[in-house]
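By written order: A, B, C and D. Residues from 1 in each chain.
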Amino acid sequence: MSGNTFGKLFTVTTFGESHGPALGAIVDGCPPGLPLSEADLQGDLDRRRPGTSRHTTQRREPDQVRILSGVFEGVTTGTSIGLLIENTDQRSKDYSKIKDQFRPAHADYTYHHKYGVRDYRGGGRSSARETAMRVAAGAIAKKYLATMGIQVRGYMSQLGPIEIAFKEWQAVGENAFFCPDPDKVPELEAYMDQLRRDQDSVGAKISVVAEGLPPGLGEPVFDRLDADLAHGLMSINAVKGVEIGAGFASVAQRGSEHRDEMTPEGFLSNHAGGVLGGISSGQPLIAHLALKPTSSITTPGRSIDVHGNPVEVITKGRHDPCVGIRATPIAEAMMALTLIDHLLRHRAQNLDVRVDTPRLS
Amino acid sequence: MSGNTFGKLFTVTTFGESHGPALGAIVDGCPPGLPLSEADLQGDLDRRRPGTSRHTTQRREPDQVRILSGVFEGVTTGTSIGLLIENTDQRSKDYSKIKDQFRPAHADYTYHHKYGVRDYRGGGRSSARETAMRVAAGAIAKKYLATMGIQVRGYMSQLGPIEIAFKEWQAVGENAFFCPDPDKVPELEAYMDQLRRDQDSVGAKISVVAEGLPPGLGEPVFDRLDADLAHGLMSINAVKGVEIGAGFASVAQRGSEHRDEMTPEGFLSNHAGGVLGGISSGQPLIAHLALKPTSSITTPGRSIDVHGNPVEVITKGRHDPCVGIRATPIAEAMMALTLIDHLLRHRAQNLDVRVDTPRLS
Amino acid sequence: MSGNTFGKLFTVTTFGESHGPALGAIVDGCPPGLPLSEADLQGDLDRRRPGTSRHTTQRREPDQVRILSGVFEGVTTGTSIGLLIENTDQRSKDYSKIKDQFRPAHADYTYHHKYGVRDYRGGGRSSARETAMRVAAGAIAKKYLATMGIQVRGYMSQLGPIEIAFKEWQAVGENAFFCPDPDKVPELEAYMDQLRRDQDSVGAKISVVAEGLPPGLGEPVFDRLDADLAHGLMSINAVKGVEIGAGFASVAQRGSEHRDEMTPEGFLSNHAGGVLGGISSGQPLIAHLALKPTSSITTPGRSIDVHGNPVEVITKGRHDPCVGIRATPIAEAMMALTLIDHLLRHRAQNLDVRVDTPRLS
Amino acid sequence: MSGNTFGKLFTVTTFGESHGPALGAIVDGCPPGLPLSEADLQGDLDRRRPGTSRHTTQRREPDQVRILSGVFEGVTTGTSIGLLIENTDQRSKDYSKIKDQFRPAHADYTYHHKYGVRDYRGGGRSSARETAMRVAAGAIAKKYLATMGIQVRGYMSQLGPIEIAFKEWQAVGENAFFCPDPDKVPELEAYMDQLRRDQDSVGAKISVVAEGLPPGLGEPVFDRLDADLAHGLMSINAVKGVEIGAGFASVAQRGSEHRDEMTPEGFLSNHAGGVLGGISSGQPLIAHLALKPTSSITTPGRSIDVHGNPVEVITKGRHDPCVGIRATPIAEAMMALTLIDHLLRHRAQNLDVRVDTPRLS
């Protein structure tokens, strides 16, 4: 209720601050009998991990996850799964200057007004370091979904002004940007190198796709699949927009163009992005998210301190010049967590439903 | 859990089908002592009501709401508030043709696969008629928020290809489009008239703004104010995209441009849209939503029936050629419901917080 | 969250005051395809209905329920079910005296302090009239459970000082007390007649049993089946105690006596009351509840008014001299609602579980 | 949703098995600014800790708790609090015999049918070892409640056949039984020594009391304070019954006797146990709970194995002969957690309520 839990039937509750001793999560509601080990989680954690290229923060965290419960003899038991990652690279430094200042576009000012007290070291709870636990929990969801033939994948579709058309999944894992077009990578690298020289940051757009979904997931009217997905994606640090399928392009579309006609061979288009009436149609579920530029830049900015006095703020430290670069596995995790939650919700109520109508895709 | 409830502390649970006897809602968690009568709800219901101009469906529903509990001697008692609207204009007609067909871009196909059975009359539960109850409940939220100095308002910011820059709130209530620029109205009318002649439909973009918010609303990390708002807005029929503040424009922005600097006199810009780290900053909360074109058009479309056979579908009946036109009060309602819920959540935990730092806006 | 909802997957949200225009409920999460009509609900409503014998309140309410949504062509559709009962026998009377007084053992004093305002007519929301909606919703749950071979039944096991040993289910429906021993009925009638002459009231003990349960229902560690059942039963007006199986008798039992041994033919006893580790064992689920004597008696009592002054209170009106008499269908409803909720929760997570071990009962 | 979370606004989610590497919890919703250190939690953990007298299990666990997040510079920050206790005394032993057997009155049989797989080492998740985390979280709740003048305390009121009348709080902390009458302690010790010689176990009754409560806590109609308390207490391992105030004695009481009359000086009795209409009255909140005898005894018992074959089970290992002896701090924790949750829920909705009526106690 205080915001640290995601999901209703497959729930993830997290804790941990950027510079605290550890991050942790409890995953509750995972079906029993799923083969699971720490290695299953480590893959996605490594994809999200900082310090793997010169384009991300140089903080070095191994992000080694431990499973503390809920798995016995290699399979899940149906009881709650405790996860823990110890923080290892929290550099001790002098926070005396920053503790009374509000960095522009950060959560400093709002945490201060909400809680009256805040852990100012590295952003505390508001740091994107928290997303490591989303990725760990999301990996469990992904593994279960995979047993149902459902695959969740994402890629970068825009970096600053550079739009990236989807070319192939293979490429995504082979560059630091999750870029699906290998020919675009040099352009992205050049852009990032210039950005660092400019001491500035930039936004990005990520696309996420789930394939192999059955029709039927999503609970009208408020807990539509797309609504809960929007919730999950918008809850990621720095996200400022979410689209399903055609998204904002729908505004200028005509009904005769937007509607996805059906034939016995399948849907003829997918403007809907895989959701009709809040329920999965069996087509690929497609979402796009906009991430704002990193707020931490070394270019000085105007702000105030806790007493209301004007100050000039320079954010030093080790920061990602584009938080979007590491956001792909996080977005995948949130989509996977949304899907497994709705899969469990759907079958709770609709277990007995049988229809003869063929499924399209 | 099955999706018909919105909110956690101020909850709205709804029922009702397009052609059933009535729509209803239970609002739970409204603070006691709020002066409330049916007239307070009727205003927004009338703004959403069909049949008030030639640009919306000609179904005529008075949408007269009754308060059945939770209000005593003119004030709320703190107990659950029962709301009821009887359906009066459900024309009896022959559904024998439509009952076995799936209209393209409607929820027919997905409801069929999810539930195995569906009320096909007018879309049943998937009809946008359901949103009347959101508006009724939202009006209660708005009234309470108003006692705190918080005002929620919306307007149309794009109709199909026609972008509409905000001019003045006054104009919004004086035309059928919720258009904030009176000079644009003739263009909108001409566009809609042509659209009807084309037997087609079109999308729209709506913007919603809350002013007078205190800093502090929103629960990191998953129940951020913007995440819950995205959930609420995306749960509205036909919505395909949600933006907070700069939204997708953030992608191409640089950090030095996007970050909203602060001075003792206030924020210097509002790219964030009033939310930092998932918590309200005290600036106006700004969201934009994209609505797809109405799926029901008289131009024939390809589809299948429940047996998987190809059919040609023509959707007759009384439909809005642009569902976005009546969406403004619905979007306001969802923002108001999100805000009151977070207001209650915030004060539950943070009641005792006192800081001397001045609030900016 | 404000307390008017029961259940997590099969939820019942209610509204309505004793002397308001109507009572209502929304049942969400009912599986689709269940044949359902108002007649299915009316049976239990009639069992709970006041005024059917001289031993209950003489208020006469037909308690005619209407289904307003969620059922189409005779079966549930999986969408939310709206229920409504109009109040017809709220006598207008002069409340000027009672409105500023707190009746002893009633909720007047606590509602006043909690909400600052209260509907004092007949107890408002705190009246047991609210339980009609529990019974209506419970009847839906019962009908679904019956399709799974699960039957929920209750009986009176003590009236004031008179203990009633279980004899036969047949008898329960044939007297005004839900007494399972027909030979005891004259003694109960004589006791009640004397009680009325004494202008006093008395408590009662009700027992509820579910048979035909599969093993596996209940979610450790906090949402054990017995814990959620205790929640449901204790939420009934006037209930002061709940026991599962041997209940308080367990305190003086030895482990060698209490433990229910198992053989291939089944359990050898049922001290556990059908729950082990918070999960149903397949044995009959057995609960007992204690109801306090009705607070409304005509014998004068000492109290205070809203200004803190001493007053003498005489509660007139039409009251049950033993609220326990009509409590059996309510207790059954709460057990049925608990069970269907856990049935859905169980299968959401554990759908794929298959074991070869035989089930005992 | 899968049962490992307690509370709605102040939530506790736990994980951990008896013989796993660690137990953990996440406490979400704790108000910021509360001074808190590990020492605050250790006191109650030590009261619950095994191996402190010859009357409890000889397993030796230091139960040293670590706070991993949510506390900064000695005060809570309002973000989620991660807690961890490492298991140190899980003796490795041969489980080959026990793994395919169901111990009578244990959760073995039901976990097996529910999940298909179970951690059989020491009962896994069903072990009462899990309650350590309830106590740790409860200590946080207690500390916050204390700042509001609310004190939660418990004592043993019956051990097997020996009833214990309350004498003084001072005594409770000075013996191994939480016995409030020092003169009874020798009798309890003699009884326990004989019980061990008999190789048997016995039940107990615990009473819990909260003093200093304001009137107003509790959410009618389903989330009454007593209903949620019953849920919390019944969720403790081995609990088979819960009473509020007069409890089952209410059954034989007359209304003229049971009703607690009020005078300007206060209530004249407390049969209600501090709750009227599901809302705290300001009187002491009183609950009693019945704990069954420990199921693990060395006397052989009949059972079956996973194949349905009859087996004779002898439960060796280190077990409490009366689980009730260590239950007092656990019951206190559950009452404290229920109260803080309702305190937050109450003020969320009813913050603005002001009445002039004096409060009684």
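Basically, contacts are C-beta pairs under 8 Å (C-beta built on N, C-alpha and C of every residue); 3 or more make two chains touch, one makes a residue touch a chain.
Values in this document were obtained by computation on a predicted structure and should not be read as measured data.
Enquirer: Where the contacts of chain B and chain C overlap, which chains show up?
Expert: Common contact partners of chain B and chain C, which must touch each of the two, are A, D.
Enquirer: Can you check which chain pair, C-D or A-C, has more C-beta pairs in contact?
Expert: Spelling it out, more C-beta pairs touch across C-D than across the other pair.
Enquirer: How many angstrom lie between the centres of chain A and chain D, each centre taken as the mean Cα position?
Expert: 38
Enquirer: I'd like the Å distance between the centres of chain A and chain C, where a centre is the mean of that chain's Cα atoms.
Expert: It comes to 45 Å between the two C-alpha centres.
Enquirer: Can you work out the whole-Å distance between the CA centroids of chain C and chain D?
Expert: 26
Enquirer: Which positions in chain C touch two or more other chains at once?
Expert: In chain C, the residues touching two or more other chains are 1-5, 8-9, 14, 29, 32-33, 78-79, 114-116, 125, 220, 345, 349-350, 353.
Enquirer: What residues of chain B sit close enough to touch chain D in their complex?
Expert: 1, 9, 29-33, 78-79, 220, 344-345, 347-353
Enquirer: Would you pull the chain C residues touching chain D in the complex into a rising list?
Expert: 1-6, 8-9, 14, 102, 104-107, 109-116, 125-126, 130, 158, 160-161, 198, 200-205, 214-224, 226-235, 237, 240-264, 268, 271-273, 275-282, 290-297, 299, 301-304, 306-310, 324, 345-346, 349-350, 353-360
Enquirer: What residues on chain B touch chain C, complex-wise?
Expert: Touching chain C from chain B are residues 1-5, 7-9, 11, 13-17, 20-24, 26, 28-29, 32-33, 66, 68-70, 72-73, 75-82, 84, 114-119, 124-125.
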